[in-house]
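Two complexes follow with chain A in common, the first pairing it with chain B and the second with chain C.
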Partner chain A sequence: MNLDWIIAEAGTIGTLFLWHFGLSVVPVLLSLVLAIPLGWLAHRSGFMRPFWLGLAGLFYTIPSLALFVLLPLVLHTRILDPINVVVALTIYALAMLVRTVADGLSTVSPETLQAATAMGYRPAARFLRVELPLAVPAITAGLRVAVVSNVSIVSIAALIGTPQLGSLFTQGLQLRFLTPIVTGIVLCIVLAALLDLAVVWAGFRLSPWNRSNK
Partner chain B sequence: MRFFGYLFDPEKWGGPEGILALCGQHLGYTLVTLMIAGAIGFPFGVYVGHTGRGVTLVAGLANALRALPSLGLLVLLVILCGPLFTSDLAFAVPSLIVLVLLAVPPIMTTTYAGIAAVDPAAVDAARGMAIGRSASSFMSKFPARCRSSFPACGMQRCRSYPRRR
Partner chain C sequence: MKAIVAKRLAEVAAALGGASARATSARKVAIGSDCSSQGIIIWNAKTTSLRMINRLITPSSGSISIDGEPTEKMDVVKLRRRIGYVIQHAGLFPHRTVVENIATTARLSGVTRPKALATARELLDRVGLGGEFANRYPWQLSGGQQQRVGVARALASDPQLMLMDEPFSAVDPVVRTQLQDEFLRLQRDIGKTIIMVTHDIDEALKLGNQVAMLRTGGTLAQVATPRQLLAQPADNFVADFVGRDRGYRFLGFAGTADAVRLVSEPTVRLGATVDEAKAAALGRWVLAVDDHERPLGWVDLDRPFTHVRQDGLNLSGTLSAQGEPLRALLDAVLSAPSGRGVVTDADGRLLGTATLASVSSVLEDGRSRDWAEAQP
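Let's turn to the complex of A and B:
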């Protein structure tokens, strides 16, 4: 380890950290917004449910590097455009979250839904005010996995030149220099832990009825 | 048409760097990884699920390993292992270590979850039939948990990186 290098490069490392933070958070938020309607559709699709969830899960098996390289051709963006990375990571997070949302919705007991209907909730309001909030604990669990794995996948985007902590890995490999690599790994784990805590906190705030258990 | 031209070009398929050889290599990495990771993760999962000991440790470890950036670890190991091997092993060994590290947590957690989810009544029944503790694990719990452990293996992503020399 070379502390002088870390101090000299602190500014660059800070910028990379912020890029990594943005590239990890934005796709997960985007995919959460998309996963709620899609998960609801899968949840309501009866015997087709395993098929839709399987199809969504299939996207997770696309190698991330291939997706990073392929997307500029599909989206007509420049290869260095960070949008490619955002779209690719949104697809990965979506693949995980659609199943999470569908599973979360199925944890809500039918009696609760009947009670809500009997109290005069219309379907849309019932979904937003009863079904979705009750699914929050299950969705939070899935979201934690999605965020943490996202932090790891973002670093692969360094191979196509998008600036984030992964750039420290490629730099370290070229220079045969261990300090940037170890710094990058440690910061990735720190970022993942922070985001994990943030998701847990958000889930805690959004499900006040669960607090007595904790 | 360049797409199909590439696909129908026999030269692209054969040879040591052809598509078929690369497919075989990819499958080889996946199988070796799965076997090593299974040999490590499976007994740990069975132990934790059966005894209920170390649940927090396993869950925490699995989460921490998930956050480990695979590319960073790969690069680190390539630099560290590079001088130790002279042949292609200098790249193969680091790749395998990283892949195994990535595959162990899901195998371990799902094995644990599957065993922990077995109906206690079935275990009691096995005890009642005088099946010993370790035997009960294998005869009653193992078949019951197969279904929940194997999808985890299927979920393993095959990550591919370009080979750098």
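Let's turn to the complex of A and C:
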């Protein structure tokens, strides 16, 4: 380990860390916004539910490098545009979160739903005020997996030149220099742990009623 | 399909025939919510009929109207907001505190949040839960407490009509009796039209002004007051349903213990010596009372003791309060080790005792005057 190198490169490393942070968080937030209506549709689709959830899961099997390379052709963006990475990672997170949301909605007891309907909730209000809040613990659990796995997938984008902590790996390999690689790994783990904590905290704040929070 | 629907509507008709409702035909049912009464249906698939009233299930033909207004013409959400609904296991919202749960129906009816929460706190008190429960979540309550919150939630929008679907069946027998007693007290205070479904015949007889009994298949077997149901079951189905103990159950409706002649009972206080107890006693047993003349239990003079002590008392005898049905008095007589049933006033103070002979003479008297025809 070469501490002088770390001190000398601190500014660059900081920038890469922020990029990595942004590229990990933005796609998960985008996919969550999309996964709520899509998960609801899958949840409501009766016998077609396994089909839709299977289809969503299929996107996760696309090799990430292939997706990074192909997206510019589909989106007509430049190959170095970070938008490509954001879109690719949103697709991956979405593949996970659609199932998470559908499963979360199915944890809500039918008795509770029936009581809500009988009391005179309209369908949209029932979804927003009863079903979704009750699905928060399950969605939080899925979101933690999505966020952490996103942190690791982001580093692959170094291969197509998008700046983030993965750039430290390619740099280290090219220079046969271990310090950047170790620094990158440590910062990735720190970032994943911080984001995981943030999701847990948000889930806790959104479900004070959850008995496992006590 | 039509036959089934018609049957189900007949079910509704039967249920409502029991409340303040008229079944103008098997296809048309009218509910009036202007007077207070409870109707009770007994049947295994009867939940369906309740759900037809608030249109959780839509009848494909026929019509149900409330206060002259056909429900199928109403906005379904507005209809449901007008009707209180209580279900088994309460169906509380797990993510809302007790007061928030109760306030839900008021909020849905357009009441402002502070006002709804104030109403909720009042109702919490009314259903016998203290303010300390206000900010708890449903999982922190027992089954009986949840059920009370469920009733309070249905009341918060001040509906004229309430539907209760086996509201007390998921709690243990002791809590169930408490909830039933509170239901009767609450109903005296608030006076709603309540249509309740239960499979428990004793509950139906205890809570209903009118009880509708339905056969398997949804046809109406009988609509009657609990008293008539026991004294004059329409057919074997009803007779079987009200059961083997109907003679004993009928005592619940056969007048009060007031007609029974009471004998004054000698008593001892805690701390009395064995000689004092023997001097007072009429036989083997003597009744111990506290300083306010409230019965504590029976002292057995055949057992060796020096002073009357709380832990030496026989507690097997039940108490019957003045004004309670003969059923309670007979139970007190049968359960007392001395064979003398203890009767107290409303404050629990000893009035006297009754023997089996005195109860049975009142029963014989009543039979000769034909109870079935007499009004309670």
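Convention: the second predicted complex is superposed on the first by the 211 of 214 C-alpha atoms of A that agree within 3 Å, B and C clash if a C-alpha of one lies under 4 Å from a C-alpha of the other, contacts with A are read in each partner's own complex, and residues count from 1 in each chain.
FYI, a residue touches a chain if its C-beta (ideal position, glycine included) is under 8 Å from a C-beta of that chain, and two chains touch if they have at least 3 such contacts.
The structure displayed is predicted, hence computed values, not measured ones.
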Touched partner set for A:15, first chain B, second chain C, both or neither: neither
First, second, both or neither for A:120, with chain B first and chain C second: second
Partner chain in contact with A:165 - chain B first, chain C second, else both or neither: first
Partner chain in contact with A:151 - chain B first, chain C second, else both or neither: first
Touched partner set for A:112, first chain B, second chain C, both or neither: second
Chain touching more of chain A, residue-wise (chain B, chain C): B
Which of chain B and chain C A:178 touches, first, second, both or neither: first
On chain A, the residue positions that both chain B and chain C contact, one per complex: none
List of chain B residues in touch with chain A within their complex: 63-64, 66-73, 75-76, 78-80, 155, 157-162, 164
Interface residues, chain C side, partner chain A - complex: 54, 56, 77-81, 85, 87, 89, 91-97, 104-105, 108, 137, 139, 153
Interfacial residue positions of chain A with respect to chain C in the complex: 109, 111-112, 114-122, 130, 133-134, 207, 209, 211
Residue numbers on chain A that touch chain B, as the complex places them: 57, 60-61, 63-66, 144-145, 148-149, 151-152, 155-156, 158-159, 165-166, 168-170, 172-173, 176, 178, 181-182, 184-185, 188-189, 192-193, 196
